[in-house]
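Consider the two complexes below, in which chain A is the common component and chain B and chain C are the respective partners.
Here is the complex of A and B:
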């Protein structure tokens, strides 16, 4: 369902940059997303190392995607099952994605450390929200290191929690993204 | 007949009362970037040194909470919960919380470009614009960005405006952008040159009512945009706009005010009318940034270095008088074409105004000589001008033709002195000396001044007075009012005359002039007692106590907004008849030396007040819907010098009891004139007057309080604006009813419990003691028996061998003795007699052993034997001891004496014959007695051993 537009976008970014300035294209070499739900009764933390993505430092455009069912490290296998089947419905909505453009007018073709904001569409659980997300970029030797912390409100993405687990699941999920993008 | 000449002059109408303020802090000037007025009417200035509030006198810095942050303020805004937002050049945002600025911590990060404008939409979302990143809005706690990806035509946003329909109108470098939510997403529609906008570069958008918006542009002037139809209307004057960039727009005082980058302040008074430059005092500043209006209708703007206020259209001055003219003026008239006529040296001067210039035309009259004073001017329904003179009666002038004649209809007028000429519709009323009290009826025919006038003279009527009539006034109901010199007022109504004077409560019977308000009340001013309002029944006086600034009132007029306007030498008092409060325009606005002749105040066709001052003709135009009295604001409430949120309605604990209130009566027109009254309900009984702007209350007792403060421009606080702050200082816990109740219950419980416990304890102590006694008795008794038996058997053994008969007798006595012991065993006490019985038995047993070497003398009365009690076997034990411890032999007989001394002491005394070998168990028997007595008596047992006698003194027990 969402695979197509993302692939389309990927190819668009790849294609357009490929013509103009290939050296400005980066893809995720290693990337992880950790989410944590800090509810009164339970802390749930899980990580996926399957982050995929692409970044054009010339146009300052990017697209990241992730298979939702690759999150690991739940407190119990049952929890993982609930996460995938009941909340994120990863069968129905297998991917989460964030694609957009960097707001700041900075030259990202040079090495350096940048505090930037990315504006884009965040799709989780099949619901797309336009979001601004703060990131820290370190560009060095054609490696772009990305670090970002942000939150996702379950309600923003139509993820409903049964009343009985309210105390066990936070309504605001914290996410931490770390990725190294390498020159393609 | 008339000589006249016209001179063309150029002159700008000048503003009156402009003031300017430099933002100087710590001796350093700072640049003002933005101005803002909050809901209360407080002016804020955003500067390169942060945020300042401005109370009309000084700037006060609003500091950051905590860290010593510094930031350049570029935008200020108040949301509909009255919280102040500040946007900075750095792109950061802050809110004012408890009097301090606090940066917002935005999860999405801060913009990196300067914040330029704020707006709150109809869903209460806050929007703000940046210069380079587009615009942002907060929705459901999230910050969202609208930029070119959403269709915004340019990222540089100058200004935001909320549309009537909820859309956000955005001024960008590339046209107007209209933002609206469609399916929860922001859609942008661009209005640019293609849509008829003269310029793509939009700098300002302000609401003009009815879905219309004024649009200010970079180089093509301004236009009107209708958001409903999309129609853009360009004023005709814009075609050759050469004033440069518009920075800001303000619609105020029925005019559009235009702040420009290079042409100063401009004004358009009539839609599609000409745009004129508005000269601000002596200012040469050409770069005006912002425009706002205060609550009193004054217009505020800022240049790079100054904050400037102008009265705008409210007060203006035409400096038309040539030298010497002002001093010669005794009467003025504004005619039906708004030309202003003044009397001068037996002639008239007419000033005609067109835009920025005026012409001056002089009229002189052959009938008048140099010494004739002109006292009054009036224009009748036919537009002819009536000229009242001292000594020459009335002259009629046709201003069109210049033709004039002296009125001779009444011979009285020939050399009459006229004090006033007034009129209404087809009447003209003239009052004066020598009995002139005439009312003329004007007809169409009188257009020609040669036609005769019909008239009535009221000079012979009683109470109207036949000498001095200062003023005759024909009111809207057809009544004719006569103001006399010393006889009060007389009214002619339905052919009937009624006089009101001192007997009707008037404090002064010298009546100068009349006016009528919208409710038909008649107002008149007196020589020295202020003015009166007469509603047909009662007179209401307004004097210094009500706030009239000067009792020497030149003229009384009804202003165009229905207020009563008083003119005096210092300026204008404006009496607001609905509230009775009075405001002033005087030297604070640059008015000085007002002409004090009765006929020198006139009104233009719009009813605005025209008066003559030494600096020229002053026109006062009241501003609609403007506040005319100070707005009272409690600026902050401090608890022990820490600011508390003034929106907070909460209780304070008993030790939070020292309050400081800072307040302001905001009145930008004359901030120095504000007086205050305050009271603390719950503490003070009455109002306390002050000119301070703060008051402290220390150590308030617990209770409910309401702090009231009100401000006024004079001593009259009857209708003053009032601000209040209610608070409760709670009683300390121990003074609250529930605590006291709880305390009482607890105390009662405690007492009950204690009593119970004590009873129980006492009982227990008793029981314990009893038990102990029992126990010890048992123990003691147990000790007695073997001891005695041991000795007895020893004696018996010796008898059995020596004297068996005696032995039988001895065993018999021994058995009596033991029976006694058994009998008395369970008794705690027995009588002394009983004890002596036991003792005698025992003594018999012992004497059998020792013979006459042992002697016992008992000296106790029969009464004592019955009345004195003693623990059983006590004496027996003591005697047993005496025998045991002493050698009893022929050489050393033992004598034991038993007697009572002082009825208190039972004494057992024996001589001492120490044994060579000490008997085992020594001291045990005596110790037993001592223990037993300790439990039974408070008196101790005394044991004395003086080497000769051994004495035991027992306290006597009387049961």
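Here is the complex of A and C:
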């Protein structure tokens, strides 16, 4: 009489923990993010290869972040310094992040190519904006490749451009994200 | 009884798994942040301790970047106490034109020509330590700057035998600087000046000075700077004063404008550290500016 419910209980616990099984969690193995500012007088480009990310394919939730001061490239060392000192203020706001959920109701546990929309909070320069960002996902052999192009308005994140550099700095910055997430 | 029990169990389990999923939703980002925090094997070097390579007259702990050419034009106008006739000194000016170049991230060279005593000067600036945190934790930046200055005025008395050596002076400077916060930086500059020729036999050819300089940012692009060099009285030349300068740095993209008031007319180490004659209390104040414009010569950095 007593044994049966206990077995049932155990099997249920096992089953329920299976829902949160680790194979649905992916982390960024290699990730890069490149921004470009295409202004009339100057094109500025910089890349960080230090993108960190985590993705739960079961719940379709994700979080990405990076240290802002890891961007390299630029047209001069001084520009990089100004980027950190005057614009992104990377001492005060060391990280940029994007976390949220995938909107589409697709089964991401199987292999395939998916065009999805990610809805979440984008935090840059200490200012959080809710954004919907289109991404391309390729899932193959437990490797999730993410590709996304989107833009960020500097004004949305409280980054002001002084008048003298208006012609050298775009008000809308293009971003390109590439990441490969692997089974945790 | 039995089915009730099972339903109850299901209910309990669904509750726990629900709360579990909410937890993970919140913690995805914090999980990452923890990972980043644990990743301490990176050294973050402090940048922009000063806006430019000079505090006002003298060097700051900053170097120009590798492959970057910094063209500097500096003016010191006449004595403000000369009054309206000379437009408070603006009718007169001495200037220095200079070029600085970053050979590596830590080594830069520069030379310049001042109209004041027709002086040529050259220097090397070597950053020995860089302030950093992370894997390498270094509280200060340390730089060593040897300079040479050669005056080329006509010999005062051509009838005697003059030696070229007498035109030369050397200075050796150590700079210990620290950026205390985003806005506040401070540096100390122990300095040794050797002049091959001084006016009087009773004067010392070797002079020791101790400098202090700092900056306080007022806005993102404007800072107030000050600099003072104290000369060891026993080695100081006659009728010379200590150099005190106060000014502003205004940065606009690749330019930095420095506007200041100083009691020194010279713009190389020998002349403003050991050969300043102006006295603030007598109104011997010179208005001046430095303009710095950087050009990226080599793109590999």
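Just so it is clear, the second predicted complex is superposed on the first by the 165 of 184 C-alpha atoms of A that agree within 3 Å, B and C clash if a C-alpha of one lies under 4 Å from a C-alpha of the other, contacts with A are read in each partner's own complex, and residues count from 1 in each chain.
Simple rule for what comes next: contacts are C-beta pairs under 8 Å (C-beta built on N, C-alpha and C of every residue); 3 or more make two chains touch, one makes a residue touch a chain.
Small disclaimer: the values here were computed from a predicted structure and weren't measured.
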item	value
First, second, both or neither for A:119, with chain B first and chain C second	first
Which superposed partner A:130 touches (first chain B, second chain C, both, neither)	first
Chain A: partner with more touched residues, chain B or chain C	C
Touched partner set for A:43, first chain B, second chain C, both or neither	neither
First (chain B), second (chain C), both or neither touched by A:151	first
First, second, both or neither for A:69, with chain B first and chain C second	second
Chain B versus chain C as contact partner of A:99, first or second or both or neither	second
Of chain A, residues touching chain C in the complex	5, 8-9, 12-13, 16, 19-20, 52-54, 56, 59, 61-65, 67, 69, 75-78, 81-82, 84-86, 89, 91-92, 95, 97, 99, 162, 164-165, 168
Sites on chain C touched by chain A in the complex	2, 5-6, 9-10, 13, 16-17, 20-21, 24-25, 28-29, 31-33, 35-36, 44, 47-48, 64-66, 68, 102, 105, 182, 220-221, 252-254, 294, 296, 299, 301
Interface residues, chain B side, partner chain A - complex	107-109, 112, 132-133, 140, 142-145, 147, 149, 185
Chain B contact footprint on chain A (complex, rising order)	100-101, 103-105, 115, 117, 119, 129-134, 150-151, 153, 156
